[in-house]
Amino acid sequence: MRSERYIPYVLILPSVLFLLFLFAWPLVEALLLSVRGGDGRWTLEHFQRMASDLYFKDAVRYTVLLTVVMVPLQVVLALCMAMLLGGINRGRDLFLYVWTIPLGISDLAAGIAWLAIFTERGYLNSFLQAVGVIQEPRLWLSYETPAMLFLAVVAAEVWRATAIVFVILVAGLQLIPKEYGEAAEVFGATPWRRFWRVTLPLLMPSLQVALILRTILALEVFAVVVALGGRNLPVLAGEAYFWYNAYQSPGVAAAYSVLILGISVVATLVYLRLMRPKQEAAA
Amino acid sequence: MNARLVYLTLAVLLALWVLVPIFLIATLAFSDRASVFAWPKGILPQQFSLETISFFFGVEGVGKAIRNSFLVAGLTLVLAVLLGAPAGYALARYRFAGADAYRVLILMTRAFPLAILAIPLAVRFINLGLYDTALGVALVHTALALPFAVLVTSSLFLGIPKELEEAAWTLGCTRVQAFLKVVLPLALPGLAATAIFAFVISWNEVFAATLLTLRERTLPAFLLTALNDSPLPFRFAGGFFLIVPALVFIFVIRRYLFTLWGIANR
Amino acid sequence: MAGIRVENIIKLFGKVRALNGVSLEVRDQEFVVLLGPSGCGKTTLLRIIAGLEHADTGRVFIGERDVTALPPRSRRIAMVFQNYAVFPHLTVFENIAFGLRMQKASPERVRAQVDRAATLMHIEGLLGRYPAQLSGGQRQRVAVARALAVEPEVLLMDEPLSNLDALLRLEMRAELKRLLAESRTTTLYVTHDQVEAMSLADRIAVMSTGNVVQYDVPMKIYQEPADTFVGGFIGSPPMNFLRLPVEGSQAKIQTLALDLPAAPQGREVLLGVRPEDLEAHPQPQPQSFPAEVLVVEPLGPHLLLTLAYEGQHLKVTVPPDFETRPGQTLWLRPQPGRLRWHDPGSGEALGHAR
């Protein structure tokens, strides 16, 4: 019966091979693609072209800015929702379902949904007209209104992705034994103090996971931005897409993807190093 | 008592925050052309019309894109479960050297923006004949869904006591028989939820799908590439159609949401 | 029906020796209990016999067949698990029929065997239910019925009563005893509960840290423990052990001199005596020694006293109407013929061949 030893390896082998082929290998390939010229020689040409591009600085700035604004918003909102859920008895399941609906909605669909609100003849302008702020439709999503476009992207992404953080946090809350909170209550801690001193520290692992996941996904933000503003608000993943598709330049596109990978890895390491992700969210 | 009212109000507001944009885009999708362009708009739909929706389905390529989307998502579902479930079972049932390393590999894939890897893959797929095929896109989507499938099925199998299998062995089953007769029936709802989850991941993915296809677009890829030169009714109808299956799927797997996301994120 | 024989079983978990060369024989139709504290290797031994674990060395025989290399399904055993392991997706009927279905038994035989097993376990009214609709005790009955239905050569039970509440456990214990006495199926039963072991077993194998320390009939194990571990593990409260000085072939408790069966190695010896084998008297008695009462615990059928003799603690049980209080000095008279002598170094009984 020694032969049983190989069973687990047989079971994981297909997925290992698959991940080697579709994860490890393209990872290496992306690196190679970004540092090799058409003649196969090592070059920094792609990175130079990327960095000297008109959109590059804005893409970096907006991507980082979006991440820094969206992720804390999502986490704080999700935390509030998770705590709020604890205070609801009747209709808890219904709220749970409704609040998690955005989980199934793609970034592209979210972008289009919010386009209906922010577009020239959309609901926002209709509302502003109804309350008398404006007379004629205003353009919110053009390159001349980057602040409003930025806001629209943030709104759409917070609308869509807060649910993911919410579910992670609720799942994390379920793992915390009730006794801790009850013990704190017995010792006279106010709900506010219980939250800060008991719940939040115990929720740290879930928060960390949520932050890492959301940060990485925020760094590849793409379809929402494209749906709302085309290239009016350049972001890194969008640039990678344009360089690959419109300019037919895989090298520069790969350089962008390596940049995104790099920032993601650094962000993950930072989260893992700092044992207090709470400060990260506030930073 | 007052606090409860405040809670309830906040909860309802949050529910509205989620529902209103969906309601608005649904309103637009079921309006006629004139209402879509009307200004100012009322919150309530003017009149119900299938004009926008039928216009959307009438656009050349939409039908094919929807078919492709189902095909790709279906392939992803099958591949993710077939590759992920055995690994999940191995992690749940066996203690073996390398299990931790494997876990790290799985978790690592989560720390990378995987869709971005479509760029080098696109180049390679052309040589392999996988470019612009449903299978090619499904492979990348499987890479996205596989870590979930492994971790979720692993927790799923962990939840089925090993003793049930052992009891089956002592009662005359081979390992395979015990799995089929005892473990599989118990794991089936969870496996179905995992599969649906993989389907949704694929259905929603746009970046890799766009880069890896040219003619064989999936629906999101088709919508994205058509965005800039398509009229608003087309976009709204497309966006709405993109949302609908997701809503249904989330409803179906809502019981498993926390297992799927909660466990998968530990 | 068949006996079980294991020879020189060694099992390592990493560097930990779970079983240290265990040999054991269970006779045909015998009910043997493997008894020991958690971590002693008793469950591992049972699982090796079932084929669920594999020994690093050693052989397992069921009847005359060497089953060491056989998978569980080929060993003609049945097992009852601690958590019952009743299949939640099958009805009670299909649970009990599971093993028969695997044997491809005819529908009539399945029907007959399931009915017989269900009747034995008094669950004939529950056959159409699913396990989720059953209580813990009922599930336990299903698990036993499922094992009996296949008419195994050997029945293996892994702490089958430990998940039941105390009252139910008492009831099931008596029922199991009746049932297995009737069916005369060779049974190996694992438990950490010494009362359960005493109640059920034809013979008890007491295990400690991967070894069988004593293998004998229950009363012998109780009265003549092979070493201080067995004496301390079996009986509640456990056996008292008093460290006493040796003079020649006698041990001394103050003025009381007790004969030793064999001359001990060193200058001290351990006296092993059960709490009920010390007679307590308020006045000095011949053949007794004084001890001071520390604690008095009324337990209903008797009082449990904790006493101190020269800094060593003793437990003694006395009738419930015995009047005493902490601080009082009592004279304790050991019952002759109920005393056990142990080597203070190894803990082994003097004159006991291991």
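Worth a mention:
As written, the chain order gives the labels A, B and C, with residue 1 at the start of each chain.
Everything that follows uses one rule, which is that a residue touches a chain if its C-beta (ideal position, glycine included) is under 8 Å from a C-beta of that chain, and two chains touch if they have at least 3 such contacts.
As the structure is a prediction and not an experimental result, all values here were calculated from the model.
Here the chain-to-chain distance from chain A to chain B, counted in touching steps, is 1.
Summarising the inter-chain layout, the chain whose CA centre lies farthest from the centre of chain A is C.
The most central chain, judged by the distance from its Cα centroid to the centroid of all protein Cα atoms shown, is B.
Computed centre separation for the pair chain A/chain B is 16 angstrom, with centres defined by C-alpha atoms.
Chain geometry summary: the mean Cα position of chain A and that of chain C are 59 Å apart. Taking the mean of the C-alpha atoms as each chain's centre, chain B and chain C sit 55 Å apart. Those residues of chain C in touch with two or more other chains are numbered 71. In the complex of the two chains, the chain A residues touching chain B come out as 5, 7-9, 11-12, 14-16, 18-19, 22-23, 26-27, 29-30, 32-33, 81, 84-85, 87-88, 91, 95-117, 119, 121-123, 125-126, 129-130, 137, 159, 163-164, 167-168, 170-172, 174-175, 205-206, 209-210, 212-213, 216-217, 219-220, 222-223, 226-227, 230, 237, 240-241, 244-245, 250, 253-254, 257, 260-261, 264-265, 268. The part of chain B that touches chain C in the complex is made up of residues 161, 163-164, 166-174, 177, 182, 185-186. Looking at the complex, you find that chain B touches chain A at residues 3-4, 7-8, 10-11, 14-15, 17-19, 21-22, 24-25, 28, 37-43, 82-84, 86-87, 89-91, 93-94, 96, 98-99, 102, 105-106, 109-117, 119-124, 139-140, 142-143, 146, 150, 200, 203-207, 210-211, 220, 223-224, 227-228, 232, 235-236, 238-240, 242-243, 246-247, 249-251, 254, 257-258, 261-263, 265-266. Contact residues on chain C toward chain B in their complex (touch as defined above): 50-52, 71-73, 75, 77-79, 81-83, 85, 87-89, 98-99, 102-103, 146, 150, 156.
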